[in-house]
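Please see the structure below; I have some questions.
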Amino acid sequence: MTTDAVARARGRVGKPAALLEVRSLSKRFGEVQANWDVDLTVLPGTVHGLIGENGAGKSTLLKMIYGVYTPDEGRMFVDGAPVSPGSPADARALGIGMVFQDLRLVPALTVAENIALALPGGPTLRLARLAARITEASEAYGLAVDPSARVRHLSIGERQRAEILKVLMTGARLVILDEPTSVLAPQEVEALFGVVAQLRDRGLGVVLVTHKLGEVRTIADQVTVLRGGQVILNAEDPGNFSDADLVEAMVGRRVPPLAVERVAVPPRDRAVLELVGATALGDRGHVALKGVDLEVHPGELVGVAGVAGSGQKELCEVALGLRPVTSGTVRVGESVPGLTGAVAVPEDPVVDSVVPGLTVLEHMVLDGRAVPRRGLGIDWPAVGARTAVLDERVGLHMAPTKRTLSSLSGGNIQRVLLTRELGQDASLVVAAYPSRGLDVANTRRTQELLLEHRARGAGVLMVSEDLDELIAVADRIAVMHDGHLVGVVDTAGADRMSIGRLMLGGVA
Amino acid sequence: MIIDILAGAVRGGTSIMYAGLGETISERGGVINLGTEGAMLLGALGAYAVTAETGNPWLGVLGGALAGALLSLVHAVLVVSRRANQFASGLTLYFLALGVTALFGVGYVSRQINAFTPVAVPGLSEIPGIGPILFDHDPLVYIAYVAAPVIWWVLFRTRVGLLVRTAGERTEALEVHGYSVKAVRYCATVAGGALAGIGGAHISIAYANSWFENMIAGRGFIAVALVIFAMWNPIRIMAGAYLFGAALSLASVLQTSGIAVNQFALNAVPFVLTLVVLAVLGRRTMLAAPDELLKVFDNSRTT
Amino acid sequence: MSQDVSKEAPARPAPAPSVEPRRRLLTRGTGLLRWVGALIAGLVVFGAFVLANGADPFAVYADIWTSTLTQPGQFQQIVLRAAPIALAGLAVVVPARAGLVNVGGEGQLIIGAVAAAGVALWLTPVASPWLVLLLMVVGAAVAGAAWAGIAAAMRLVVKVNEAVTTLLLNYVALYSMLFLILGPWKDPAALGQSTSVELNDAMKLPVFGGTAIHVGVALAVVAAGAVWFALTRTTWGFRLSVVGGNAEAARRAGLPVVTLLLTALLIGGALAGLAGFIQLAGMEYKLRPTFGLTIGYVAFLASWLSRHRPLPLLIASLVLAAIAVSGNSLQIGSGLPAASVNILMGLVLLAVLGWTSPRKVRS
């Protein structure tokens, strides 16, 4: 035993045995060292914050703990006994439960059926008995859920509660929550943390993955920071560190706050985008956008906040003319002379804009603008030249143009689309979750690009789940709830809680 | 004559119903099988051959089910394990079955068999109207009455059914709970093929009482279409199948009653009817499609 | 969608370009190898089937070999059979590029032939032969396109999958033809089997001097070249592949998705209609109950065998046509039903489908 380990063992005397102990876990994917020598100790009755940038290796670590990936090296212990979960089922048998960021519920099934899927049981479902058990458990944990409701009809917050309840009902003692707050309104986050605190008080261990420092401070007893697949801070008390320290640990350098150079743009009468009573149907035929009035002016960046699925997607598509309105009007105008057209960052890049078998170069002509022609075909060398200029100008460093999109990661796909769309001039920019999958530096660059568009006189509509990001870059924030635009808040002097109340349909 | 047509609808619709129920199971699990037509062909020949060799039509039904299951097993290997395109695999298997039944069926073309005969249900068959329509049929018709509600119950009230439905809606949800999507889809597809085989058996050893090349004549494809507008629900399959049975029986009833109508125009009726019903109801019923199946429908990406 | 952030990595330079052509050659080589392997596997399994049916597979194969490939004139027979298969195969290739599955070649071919026969029937007495022939071509293409158009409309308007509807339409087409040749178009002079009246000699496709090869064969080759050019060298072809890869992406890029899907299926239908025309005017000369039987399905297999590439499709059509021709000798020589060779065709494609390793697509 090394002296280090002895010291560690000594330090633990008198403390409860760790619920989960991970030692020197490493995992490699091709050329990417996703995790390297990672340690993590979760004690019962604590909330352990796990923070790091996109690509820091959080997901890989969690998936190894949950038995999805097998570590290349390293060991794991549950209650001090060595374990090696080979599947999620193994992990669950060990009392490890995971709430995935995108959840693992089946929309077409009811809450009870979803929970039945997770529980052992006989050949028949006995849904009535199960419903009674669910109601009982949901009262015990304060997680209100209707067992007979179809998941498709639930809000994101309700779905998350159902998923947590499912994990608890399978007997989890260690609950891993993967970025649970990213889709919630602040009030819902408070309610969630109430549940988390209750779990902690019952002696369960909770791992909370997040990239929001405020949340770590609010709820976490210990914090572990990952960067580049390695542990930078290990199970420290977050109270001992300033925000700047934690950010530096995450990013590896001091990041100055975004230079919010909101250039004052002279006001103009004509709006770039003008929605009057815009009403539209969603993909499943329900009314998803309900009588929205909104104007975006030249030189203005309007943020759109709301709980996921409140009509943001339909709002963007209506603004872009991709979705017809059933009533009301949509008008897109010129902002400054010579600046026309709209560019868009899609909400779900893989579903909406990626043709897997085509190359990066072939994606560059899919921007709705005129394509250089040669004879009956496309002048690909000219497209290549145009693309090089665009890549240089945007500065997000796309993958090589010969790569097919199916071979790129989410972040690299996002950079291809951002380069194509934000690299051109337009009078209207509609950006849905533009920093999805990006690291801090590229997120920053993307925000700068949006502000550059604004400074040139374009109107920008930006949807984000991150209220802090919206408050940092937007002039005004439009808040959506259940298809309605429930309020427009001036960013100057805006506060998170009042925006949150609007997100939940209350009054500011 | 109305009673003749309705009784014929029940008899003629039974084979489509078995195939439709099988295809419902398969598609609920996320696998569409155009080879249903082929599974019915193999089932028809398998049942006919076994009945001819053993003299026992019940063994024939078993043979038909096995033959259909076998063909669908190949489909499962290709689309579940090898991820081949579902439409291409299904159609190729239909074509294969066409050849296999032509080759092995030669010797059975004019053979007599001890086929199923109608068994009147004592008492019930005496009821005027309803009796001859519902209760004077071969045993496979009666089994079909029970099969549809039983399959509904299995799909919606049992754990196995829940697994099948989850495989067709969201595979990650199945995987995360430690189930094998492949295993579930294999089972659903093979079970579907077995039912299609029984549907074929009904045609050869209870309905036509003979075997000839390509005798299914598109009933399997109608069954696949039927699943769409029955919204993947076994009970609706039952209603739809009898509707097509009526269209099929129209031809024979009209012919026997001496009304001069071109036989081929009547043969086309079930297919035209299917297309019309799809055109009228398709948009609405497609909303009920399992999500994984929609991916197959929308993005029939070719490899 | 879960984003696997662990794989987020800075863009790395692409593999050295010099590797690319060599790899391509290699994949092409293994592709051919697979083909041959599939054919052999098909032959072995088919032999087993034949054996199980009580015939001697070696004798059957020897019979096929001598009667199909060593007889003079048989190669011309194969080419003649291959031409409509190739045209109907192109009817699968073009929609496939847009992500559509056209299983309706069978019906579109029949309807094309019916239209051509109808034009010949009505116009032969009143118009010059060349005009009639021209109108037969146009009629066949338009009718085939219209037949496919029904499926296209149902796909676009009511969102019902085209594979299901085109299959159903095959039966409607078949019964419509049967209705005509056993009813209004029945040749009163036909003995035994009912057929339509045979085409006037002036409407039969001319042959190349000294051979049995008619100009329809040239039409198929030209069509394959044209489709190859349109798919790989034109903006339209590129747009089709965008729609086929992700229709939503195409819509967002402002491409006319509905028009593209529609044109792909209509052009496909027209090509199958042309296949019906050359089968009628170059091969059978009259409609009969077995007219064009299984050409549409064989063409579907050919398209998948060639992975929807027009030029390999020509080779696949020849191979399948050779198998089909051997079916006839099988019937004559060994007394096995001609449809038995469907087994061989099906097995070859099954082997190819099963061996085509799925492309890795990252979610």
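A, B and C are the chain letters, set down in written order, and residue numbers restart from 1 in every chain.
Please note the rule applied: a contact is a pair of C-beta atoms (placed from the backbone, for glycine too) under 8 Å apart; a residue touches a chain by one contact, two chains touch by 3 or more.
The model shown is predicted, which means the values in this text are computed figures rather than measured ones.
The chain pair with the larger count of C-beta pairs in contact, out of B-C and A-B, is B-C. Using CA-based centroids throughout, the chain positioned farthest away from subunit B is A. Spacing of subunit A relative to subunit C, judged by their CA centroids, is 47 angstrom. Between subunit B and subunit C, the centres computed from C-alpha atoms are 28 Å apart.
Subunit A and subunit B have Cα centroids separated by 45 Å.
Touching of two or more other chains is recorded for residues 100 of subunit A. Along subunit C, residues 245-246, 359 each make contact with two or more other chains. Annotation for subunit B: no residues touch 2 or more other chains.
Here subunit A touches subunit B in the complex through residues 87-89, 92, 100, 104-109, 113-114, 116-118, 121-125, 127, 284-285, going by the rule given at the top.
Residues 157-160, 162-163, 165-166, 169-170, 172-178, 287, 290-291 of subunit B touch subunit A in their complex.
Touching subunit A in their complex are the following residues of subunit C: 1-14, 17, 233-236, 238, 241-242, 245-246, 248-255, 359-363. The touching residues of subunit C, when paired with subunit B in their complex, are 49-50, 52-53, 96, 99-101, 103, 150, 154, 157-161, 163-165, 167-172, 175-176, 178-179, 182-183, 244-247, 294, 297, 300-301, 304, 307-308, 336-347, 349-350, 353-356, 358-359. By the touch rule above, subunit A contacts subunit C in their complex via residues 27, 29, 31-32, 34-35, 54-60, 100-102, 229, 322, 344, 346, 348, 350-358, 362, 365-368, 371, 373, 375-378, 397-400, 402-403, 406-412, 415, 436-437, 439.
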